[in-house]
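In the two complexes below, subunit A is the common chain; its partner is subunit B in one and subunit C in the other.
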Partner chain A sequence: MRRPVQGFPHLGLTRRSVLKAGAAVAAVAPLAAPSILRAQTAAVKIGILQPVTGALAHDGDLGRLGAEMAINEINAAGGIKALGGAKLEMLFGDARSTPEAGTQEVERMQADGACAIVGGFASPICLAASQAAARYDLPYLVDVGVSDQIMARGLKNTFRFGPGFGKVTTVALDNLTRMNELAGKPAKTVVLVHEDGLFGSGLAKLLQTELPKRGFEVLETIAHPTPARDMSNVALRIRSLNPDLVIPSNYYGEFVLLARTMQQQRIKPKGVYAVLGGAASNGRFVKEFPQAAQNVIDCNHWHDPRNPQALALRKAVQEQGKSFAYNVSLNYSNVKLLADAIERAGSTDRAKIIEALNASTFAGHIMPYGPTKFVNGQNEGATPINTQIQGDDIKVIFPEAYAEAKANFPAV
Partner chain B sequence: MTVRDLIPVLVLVGLAALLPLVVTASPVLNFLVFMLIVALGAQGWNILGGFGGQFSFGHAAFFGTGAYATAILQLRWGVNAWAGLAAAVAAGGAVGWAIGFLSFRSGLRGSYFALVTLAFAEVFRILANAAPLTGGAAGLLIGLDVRPANLQFADRAVFYWLVLGFVAAVLVLTRWIQRSRFGAQLVAVRENEDAAKALGVDSLRVKLRAIALSGAVTALAGGLYAQYFLYIDANIAYGGWISVELLLAPIIGGVGTVFGPVVGALTLHGLGEVAKQFAGRIPGIDLIVFGTVLVLAVAFARGGILGLLERLRDRGVGMLPPSAKSRTAKEVPNAGR
Partner chain C sequence: MYSPQIILEAMLNGLMTGAVYALIALGLTLIYGVLHIINFAHGALLTCAMFAVWVAWAWLGIDPYAVIPLLVPLMFALGYGLQRFVIGPASHGDDGNILLVTLGLSIVLENVLLATFQSDTRTLDTDYSFQVVALGPLLLSFPRLIGLAVAVVVTGLLWLVLNRTDTGKAIRAVAREKLGANLVGIDVPHIYAVTFGLGCACLAVAACLLMPTFYVNPRIGGAFVLVAFTVVVLGGMGSIPGALLGGLFIGVVESLCGLFLGDSLGQLGIFLIFIAVLLVRPTGLFGAKA
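Showing the complex of A and B:
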């Protein structure tokens, strides 16, 4: 039991070996003046946590891709200059789509010497993982998790660069109302279709109270589980209600299924307006089911389409034969944001990185947020934008400042 | 039950308790805590499924009840976490009794009982996903407040010892069941319920006691899960994953044996975790190992790993005095299954 097994150091760590190592470091540290430290330029280890197996594997893959691309780019540009050009080293952890596995990976990253963690994707994983990281004051950057609970806990180590649930729904409703007004108010009736988990139910509840205030009539709210294998009944119900607008909030598989079933049954509302839609701004959906995807509008995380860096990233991802989605841009931006913080902290010391993140006014990311400004860990400028699938492309249609194309609304 | 009966339990638990003194790495401790929580829940399943022969596919119903009871009492009514955990055990026992009363009284056995438990767990999941009391789909988040009085510890080792203590207590309990009149009646019901009834065993009462006990132990595991990870939602607490975990561990380790659930949980999760370390960072390698162990155990180790060891021992030590052999057979009533 006491002999460390070759090949996995943290499993075989004994108390004695830790003490020895600690003593050695303590003995060497005063001698190793800054010059030596600078000469060594040890790699800066950052943890990338994504669910690459299990139900969320598709999203996790995209997130990892974004983080990887940012790391490669930073390293190619000379690494962290304040640390003598130290390279970023990715410690990847598979969250296996469960909070326990996420926690376990945080523990491993902590043991392997990560100075910060980026990722999580789903809210439950982010909640558990950031809490585990908080025990070690390990900075944790939430990539996607929109649950408002994540930021409501007041954890000093947790930062969210993207928008939370409250912000997304407010913007989604404002933009919908405005878009409808601009088109001469063609949409009056709505059917909500939502998955019955954290995100779908929460959103549906909010929309049910908010939509009537803005002049829309909610005809019905239809819940379905995730995963759902059949949407025929949902589609039939929509057909009989004949709403102007369908607002779905569900994950990739269910969204695709719903859109395809509606297409097969020739149900054509004036608009399909997804809020944080699972597939509505995913390149794979557009590629695989172009007809079903036509004119679907989404209010979601999306990169700034005027940002050349963003366009280059999108091209690079597509050249690799992979589909592009917001996970890529969010993880890419988060890693860049973290690298900037480490650069300004001039150290891999966790407290200094947290301090640097709090003071961050980083504009080198590719999201339409402006320079970052963190208040209690939440980036105040974060906002979703509206995209629409037009032809074989996903175009930004709203707000006007970022629009690449005019909204095709009403679609019929 | 004599002190001698408890020696293997004491030795193993004693060794396990020394582990945090040697292995100080948090990932290992964190993994061990999760594994022990699964083992504890699986021990609960084993009381009903292993000794009583009533295979439940829905032990999530108890696990989730324990987890939600612990969380809700703290969050909604400010009850102390330790008291919440005690209440979770009681709630698990009560839910177990209620489900047992409804299904056993109607004479549901075998696959019908399994399906009913599955349905109960699913109903609980849907209710928890919708009700405001359980936080609906948003789940419940227990605030991070690291104080021993709050059942949250700064040192992972303390939580490890705590869970280990509970596992040890249930090992003793299982050992007692094995040796007691109640255990004999339970095994009789498992082997042939009609024959047991003919001999005067009140089979409904025996099964109800077993399911209440089983529910209480599994609920304890749920409460500890909530207190350790501090976040639960309907899919975590009442999800199908935990029902499967809790029945796989004893099946792999040895159904109806004292150590089976612990051995099974350790083997399934331990090998997966070790594979993850050796196989570089290939995502999903642990799941492949998990599946392989499962297939191998089902194909070659009837009666689980302990059953296999038992058979190997019997074959290897044919020269043992007959008394020793009969004793082993009695100890592992399920070895031949």
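Showing the complex of A and C:
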């Protein structure tokens, strides 16, 4: 395993290399010294792209937090050792919740000397931003964007550490079928609610063809725009159809609005099973609207609950008074993955970093994926898991190997 | 097919949303009726009022409904001042100029809000935001019901002001015949400014009614103003009952289209009506013949 050894031994190494550099400086003519000093300590600039204003501001904020925490941790542990302990420097770009702004920020970050970019969050932003980065052969690590289109273009610079639609849907359906069987098959009918963009529509289409194959009847598929002004009509339609299961795929604001409107209209299906639900595994939702959030199940990105590093991160985020969500873990892991690649490349050369990412078998992340293995840019081991909001906490309920609590299904 | 109960509920939802559309259209139609100008800054002024409600709630902890008595005079004063000291003088008596001035004003206002509040979408949360009133088997949103009631009351009040007070008489006189009104001693610039102020006061009320269930960002006004234009055209330019009925009707159309065609296409019906009215009855339901 090419995972870098972490902890104090390396600090010693760094100190030694610093001493060596110092000796070199002393030995060389004074005039040459500044350039050598600069060469030794030049920061490694990495671009962090997140929508921190606009409709997706809440998610972007969490993504930035995760990236920041990883950068601080790496720097505190001595930076990139292969580059003489060079520190990581964050070049931040605000994607302002639109693909256009994301592209502009990529142009700016590449001009400012970023050696790689991490982030994007929403599928349309990732799609546009990675394309813009490809023009400069700039490595781009998609943090969340799940649309399968992102990885289907064969861009050499684009990597996705997390799972895409296809994978998430398959796992979500397998887990749902299994959970339903374990509970004595209480759920038969389903209503799909999805946002009408790249992410929601693509997912709904997949679910629509796959659910009937597993014995579920899709009563209706309801689309809504982002941002949505009102969910009354959606709730009315759900009420008239009276399904056993509601499967929503949308972003934070709309998910909260839907859950609250369903609560208001006293709609109580046997389960709300979100696939990549925008709020269903978000601490803020649980904290602000505990009643509407109760028993919502999500199949989504989530950290490995047995990983002590993940638990420490979750605690650190909550101690800052912020809510924890998967974006934090994903961005944290992506930055660590990138740092490992830069370490192994021993350079900030973009082509060398891409090469190192392709050969990556990184296991120092906090997701339940195992060591990374990129095939055409997609991490093969990436997988979502199931969580459920129980009380004031988000618990992993499925698969059994990771479960922290038993699924409350059908919801009582 | 949906059960009659669901359709009825969707219609009632539409009526309640439509009441707020009506209130926004009321300000627009009043300003058109008297000043004979389309106020392009209407949306931006609504956004300003909505941010004021949000600020009062988030920073000062004042309930959105309690803001009504504070915000109405404030927005009236803002509207009065804008017409008296900015739009009026800048127009140099040419209606074409007024169009451009209000358009410019809307761009300035939007960007000031953007610079101050960023493009984030903000919401406020009250205890009653998601409360319902059970009417038999129907569940109606409490804040929207309040919205409907207040909108009807405000329309009534405005009608009374125009028909039963001296200022109202003066406003109607100026609307009918500007020169004649001036000859009998009515201060026309003052009446213009009062009318603009009244239009803005309507927006203040609309903003207070919207915020408990809605969100605000610097560009939100545009979404409402397009609907309000349709309402004004449907109801007849300058007609107050027309604005109210037009608003309610448009609300119902939007809601039913949303139910049957999906929310992504909900507004389709509104603009089809807009085009149909322009083709078939350009004066609208209650408009005077051109």
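In the analysis below, the second predicted complex is superposed on the first by the 373 of 412 C-alpha atoms of A that agree within 3 Å, B and C clash if a C-alpha of one lies under 4 Å from a C-alpha of the other, contacts with A are read in each partner's own complex, and residues count from 1 in each chain.
Just so we're on the same page, contacts are C-beta pairs under 8 Å (C-beta built on N, C-alpha and C of every residue); 3 or more make two chains touch, one makes a residue touch a chain.
Remember, it's a predicted structure, so these values are computed and weren't measured experimentally.
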Partner chain in contact with A:Q110 - subunit B first, subunit C second, else both or neither: first
Where does A:K81 make contact in the superposed view: on subunit B (first), on subunit C (second), on both, or on neither? neither
First (subunit B), second (subunit C), both or neither: which does A:L198 touch? first
Which partner, subunit B or subunit C, touches the larger number of subunit A residues? B
According to the stated criteria, A:R153 is in contact with first (subunit B), second (subunit C), both, or neither; which is it? first
Between subunit B (first) and subunit C (second), which does A:E288 come into contact with in this model arrangement: first, second, both, or neither? second
Quick check for you: in the superposed arrangement, does A:V234 touch first (subunit B), second (subunit C), both or neither? second
Using the touch definition from the top, say if A:K406 reaches subunit B (first), subunit C (second), both or neither. neither
Looking at A:K188, would you say it contacts subunit B, subunit C, both, or neither? Reply first, second, both or neither. neither
If you stack the two complexes on chain A, which partner ends up touching A:T53: first (subunit B), second (subunit C), both, or neither? both
If you lay the two complexes on top of each other, which residues of subunit A touch subunit B in one and subunit C in the other? 53, 96, 196
Partner subunit C, residues of subunit A touching it in the complex: 53-55, 57, 96-97, 196, 222-225, 227-230, 232-234, 236-237, 239-240, 253, 260-261, 263-266, 288
How about subunit B: which of its residues touch subunit A in the complex? 19, 21-28, 30-31, 34, 126, 129-130, 136-139, 141, 143-144, 146, 154, 229-231, 233, 235-236, 241, 274, 277-278, 281, 283-284, 287
Residue set of subunit A touching subunit B in the complex reads 1-2, 7-8, 10-11, 13-15, 18, 52-53, 92, 94, 96, 98-100, 103-104, 107-108, 110-111, 124, 127-128, 131-132, 134-135, 147, 149, 153, 155, 196-202
Within the complex, subunit A is touched by subunit C residues 2-3, 6, 9-10, 13, 17, 118-121, 123, 125, 130-132, 139, 141, 213-215, 217, 223, 255, 258-259, 262-264, 266
